[in-house]
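Each of the next two complexes has subunit A plus one other chain: subunit B in the first, subunit C in the second.
This part shows the complex of A and B:
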C-alpha cells in the first residue's frame, strides 16, 4: 500500500482535524468530572443548545455569524452554571448513580425542549468555506478553520489552568478537596467556575460543529457517545489523556473510513475502545 | 519602602489577636474526641499541644480551622466567634493551618503549591514578595521551585507546606505534627524552622507527639490526654514535671 497515496494522506489530515473538534468536548467533560466529580451525561446536549443558539442568532435574528459565535460561549457557559446550581449541587453528596440519572434526565429534557421549540427539522447554517489544495491533498476550509479554533481554545484553557490563581486551584482541587478551605478556597465557588468553563467549552465546540453538521434535537447522538469513549479512553478526569485520545479516535475513524465505509470506521473505533478497556481499564494515559 | 513591598516579616506584622477556646466538645459521628477543652494563645506566643496518639490533637486543630464544628463550647479569635465563620474565610482573618501529613498537591510544582496558598484576594497582590520571603526562609524551595512537590523528600515537603501556609500572610500559624514521618536529623531542621518563624513575630500553635523537641521551641504547652487537658504550664515547668517526664520524655 502506498502511504503517500493522496487519498490516504487526506484521510490522515481529516482524522487530525476531526480529533481537534472531539478534543474540546472531551476537555470540557474531563474538566467538570475532575473538579466536581460528576459526569455530565447531557454534555452533548449542551453543545446542541449552543448549535441552536448560533443557528437562531444568525439565520433568524440576523446577527453576523462572528457575533453569534461570540454570544454562544457565554450562553452555554451560563447553561453549565445553571446545570450545576439546579441539578448537580443539590446531589453532590448523593450516590453517583443518582447524579448520573439526574444529568441523564437533563439530556432528555434538553432534547424534548429543543423538539418543542425548533421541531425535529434539520437546520443548516448554510455556510461553507472553499476547500484548499495542499500538494495533491484537498482540505476542507471549514474543517481547517474549526481545527484551528479548537486548538486555540485548548491553548487558552491550558494557559488559564497553568497561570491563574483560579486555574491552579482547579488543578489542585481535583486531587484534594478537603484541604482546599485551608487555602482560603471555597470549593463551591470553584465547582461553579469549572461548570462555567465546561459550558464555555461546549459552546465553542458548538460553534465548530454547527458549520459542519445540521442541527436537530438529536444531533448530540452523533458526537456524544464518542466523546464519552474518548474521555474514558484517556482516563476520566485526565485532561491531557482525553486531548490525546481525541486525536487517536479522530484518526481511527477517518482512516477506517478510507478502507471501508464511514459506518465501518465507527465499528473499528468502538472495537478499539473495547480492546483498550481490556488492556488498560483505567484509560490509555492513566498514571 | 512601601507597605506592599515589605516582606511579611516581624516589622510589617500586626501583632494579631488572642485565640481562645473554652469547653470545646467535638467528634466524628458517634465518636467524641474532645471533652471540654480550653486553651488560650496570646499574640506573639508559641504554644504547644502535646499528647499521645488519639488524644484529640488533630481534632482540636480541625475545630479551630472550622473543618469540624464543635458540639459545644466557645471558639474566639479576637472579638470574633469563629464557629460562625466558614473555613475558607480563615486565611483571610490571618489564621493558616498546615495540616497533618502536609497535604501538598503532589502533581503541582513547588511554586504552584505556593500560588494556591496565596489564593485569597488579599494575598494575591503580595504573591511575589511573599514567595521571595519563603525562598529566603527555605533556600531549598527556590532551587526546587519548578519541581513537582510529590517528588521531594519529606523534609522538603514540610518546608513547602509551611511556605504554602505563609503565602496567605498569617498572623497565627497552626502546625499539625510537623515532625511526623521525618528522619531525626530532619526533625531537628523542622523545629529550627519553627523557631525562625517565631522570631518573625508569628504566633504559633503547634500540635506534636515529639514532646521533648517541641518543649524546646514553645513558651507554653498543654498536655492533651483522651480529649481532656491533663496539664498545662510553661515549657520549662512541664519539662521538669516528673509525671510528664515519665510519660513523654523517657525520664525517671
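This part shows the complex of A and C:
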C-alpha cells in the first residue's frame, strides 16, 4: 500500500469533498431535530425542491445563476417554515411515530408534486467548472467550490448560533426545552426560526448539489438515506457530530471504493455504522 | 415546462378520462380509442411512470404502446372489438411491480400483461406469471437471465437480450481496432462499469465473455448502484487503469453522473459505448452534454427512424411512418428515443400477430390461446418497424420465449442524432477514435 500513490491521494481528496456534500443536509437535519425534536423525513425532498427552484429560475426564467442561488435560500426556508406550521406544530405533542409518519407523508407529497409539475425528466443546469490538476491528482472544480461553500455555510451557521440572541436561544432550547420557556423564551417562535434556518441549509445544499447532479423528483434517494445515517452516526441533534460524521462517511466510501469496489465501500460504510450503533448507540460524537 | 416527453399528469389524465369513457375504474384504465362494437379485449400495461426509470426510457415505452393500441383500434381492432389497456405504474420499485402485476392478474382478471421496463422487475415477475399460467409480454427488460435456462412457457420477449448488446459493442472494436485505432485488437484495453441490477450485470458478463472470445483484456469491471451520489473514486480507478474503451450499462442518473465526473476527473479514452436504457435517451443526453457526446456509441434495437423504410417488408415502412408522425406530433420530439419504438413495435407484434389470430381462432383471449398463437408467429427479417423478424424459442430451448430473430444494432452519436454503425451491412462506417475536440478524447 503506497500512501503517496497519486491515485490514492485523489481518492482521499474525493472523500473529503464528498463529505462536504453530505455535511450541509446533515447539519440542517440535526439543527431541526436538536431544537424541535422532530425528524424531518422529507429533508432530502426539501433539497430537491431547492434544486428545481435553481433549475427553473436559471434555465426557464433566465435568471443569472448566482441570483437563482440567492433566491433558492429564502424559497426553501419558507418551505421549511410552512412544513413546521402546517405539519409539525399540530403534532408536537403527538407520539414520535406520528410525527415521523407525517413528515414521511410530506416526502411523498413533494415527490408527487414535483412529478406533476416538472414530469419525470432529468433536468440539468449544464454548468461545470474546469478541474484543477495538481501533478497527477485531479480535483473537480465544481466539487471544490461546493465544498468551500459548505464550509462557509457551516461557519455562518456557527456564528449565528454563537453570537446572536436568537442563536443563543436556539442552542438553549436544544439543551433544555422545558426550562427555557421559564426564562422568557417563546419556544414556538424559536421552533419556527429553527425550521427556517434548517430550510435555508437545505436550500444551500440544493445550490451545491444542483451543479453536481441532475434534478428529478426522486433525486433525494441518492443522498437522503445516507444523510440520515450520518446524522444518527454523529448523534441525532448533535450538529458538530453530524458535520464530522459526514466527512468520516465520505472518506470511508471513497477510500473503501479505492481499495475495494464501489459496492464494497458501501458495505464497509454500513458495517461501520452498525458497529457504531453497538458501541455508541447515541452516536459517535455524543456528549 | 414539458418541452419534450409526457408528464405523469398527462398520462394519468388520459388514463382517467378514457377510463371513465369505458365505464371502468378511472385510475386503472388507459383506453386509447373509442369502442367500435363487441366486447373489448383487455390487456395489462405495466411500466414505470414515476421514479428514476420513468425518465430513463419507461415513459416513452408506455407512450409507444399507447400509440400502438390507438392505431390498432382505429384499424378495427380484432374484427371490431377494441383493445383496452389497463395500465399500472411500477414506480421504479420491484415490490410495487409485483403487487401491481398481482392486481392486474387477480382483481382485474387479465390474461396478459405487457410492458416491464426493468430487468430487476422482470426477473421476479416472470416466475409469478409462469406459476399462474398468464402471459407476460416483455417489451423492454433485456437481461438474458430473465429467460436463460428457465424454460418458461408463458413468458415472451420479442425484443433483444443482453448478450446481443455485448456482441455488437465488442465486435465493433475488434473489427475496427487495427484499421481505426492502429492497434492490434488484443492490445486494446477494455473497462466495464455497470449498474448492479440484472440488466447491468447481464450486459457486463456478456461484454467480458465476448472480450475473452476475442482475447481482448478487460482491465476493470466494476458495479455500482444506479442511485449512487458519487462515482469519482471509480473515475480515479479508471484513470489509473488507462482503458482504451469504456463500456457502461446504466440507467439514469448514473450515466450523467459518470459523464460529468469523468470530465471533471480527467478521464480520457478512445471510445465509450453505452448499452440502451439511459443511453438511448439521446434528446435528454444531448441537452445536458451537447457536443461532448459526439462520437460516443450505444447499443440497442434500432429506433425505427434510423432504418431505411423502403427495405422493410411491404406495408411495414408505412406503419413506421405513421407511428413516427403520430409520436412526434403528440410528444413534440426531435429524435424519438429507442424505447418509443420498442413500446410501439413489441405491442404491435402482440396485437397484430398474437392477439388477433388467437381471438379469431378461439373467440376469446385465454392465456393458453395466446401462448399457442405466440409460438406460431413467424415474421421474416424486415417484418417489423425495428427491422427484425419474430420467431419465439420453444419451451425446450434454453432461451424459451426469446425472439430468436431479434436484432441489436450499435449506433454512434453525430450531432444529436444516432446512426447505425454495426452490423456493417446495415450502417455506415464508424468514426473512431473520439474526435480530438472531445473533452473525453485520449491525448496521445
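Just so we're on the same page, the second predicted complex is superposed on the first by the 285 of 287 C-alpha atoms of A that agree within 3 Å, B and C clash if a C-alpha of one lies under 4 Å from a C-alpha of the other, contacts with A are read in each partner's own complex, and residues count from 1 in each chain.
Here, a contact is a pair of C-beta atoms (placed from the backbone, for glycine too) under 8 Å apart; a residue touches a chain by one contact, two chains touch by 3 or more.
As the structure is a computational prediction, the values presented were derived from the model and not from experiment.
*Asks:* Is A:185 touching the first partner subunit B, the second partner subunit C, both, or neither of them?
*Replies:* A:185 sits against subunit B, while subunit C stays out of touch.
*Asks:* Is A:21 touching the first partner subunit B, the second partner subunit C, both, or neither of them?
*Replies:* Second partner only, subunit C.
*Asks:* Report for A:165: first if it touches subunit B alone, second if subunit C alone, otherwise both or neither.
*Replies:* After superposition on chain A, A:165 lies in contact with subunit B alone.
*Asks:* On subunit A, which partner touches more residues: subunit B or subunit C?
*Replies:* Comparing touch counts on subunit A for subunit B and subunit C gives C.
*Asks:* Looking at A:175 after the superposition, I want to know if it touches subunit B, subunit C, both of them or none. Which is it: first, second, both, neither?
*Replies:* first
*Asks:* In the overlaid three-chain picture, which partner chain does A:230 touch, first (subunit B) or second (subunit C), both, or neither?
*Replies:* After superposition on chain A, A:230 lies in contact with neither partner.
*Asks:* Please give the residue numbers of subunit C that touch subunit A in the complex, ascending.
*Replies:* 1-2, 4-9, 49-52, 54-55, 59, 92, 196, 222-225, 227-234, 236-237, 239-240, 252-253, 256-257, 260-261, 263-266, 284, 287-288, 290
*Asks:* Per the contact definition, I'd like the list of subunit A residues that touch subunit C in the complex.
*Replies:* So the residues of subunit A touching subunit C come out as 7, 10-11, 14-15, 17-18, 21, 60, 111-112, 115-122, 124, 126, 128-131, 133, 138, 140-143, 212-214, 216-219, 221-223, 226, 253-254, 257-258, 261-263, 265-266.
*Asks:* Please name which positions on subunit A make contact with subunit B in the complex.
*Replies:* Of all residues in subunit A, those touching subunit B are 165, 168-169, 171-172, 175-176, 178-187.
*Asks:* Going by the contact rule set out above, which residues of subunit B touch subunit A in the complex?
*Replies:* Touch list, subunit B to subunit A: 65-67, 86-92, 96-97, 99, 103, 105-108, 112-113, 115-120, 123-124, 164-165, 168.
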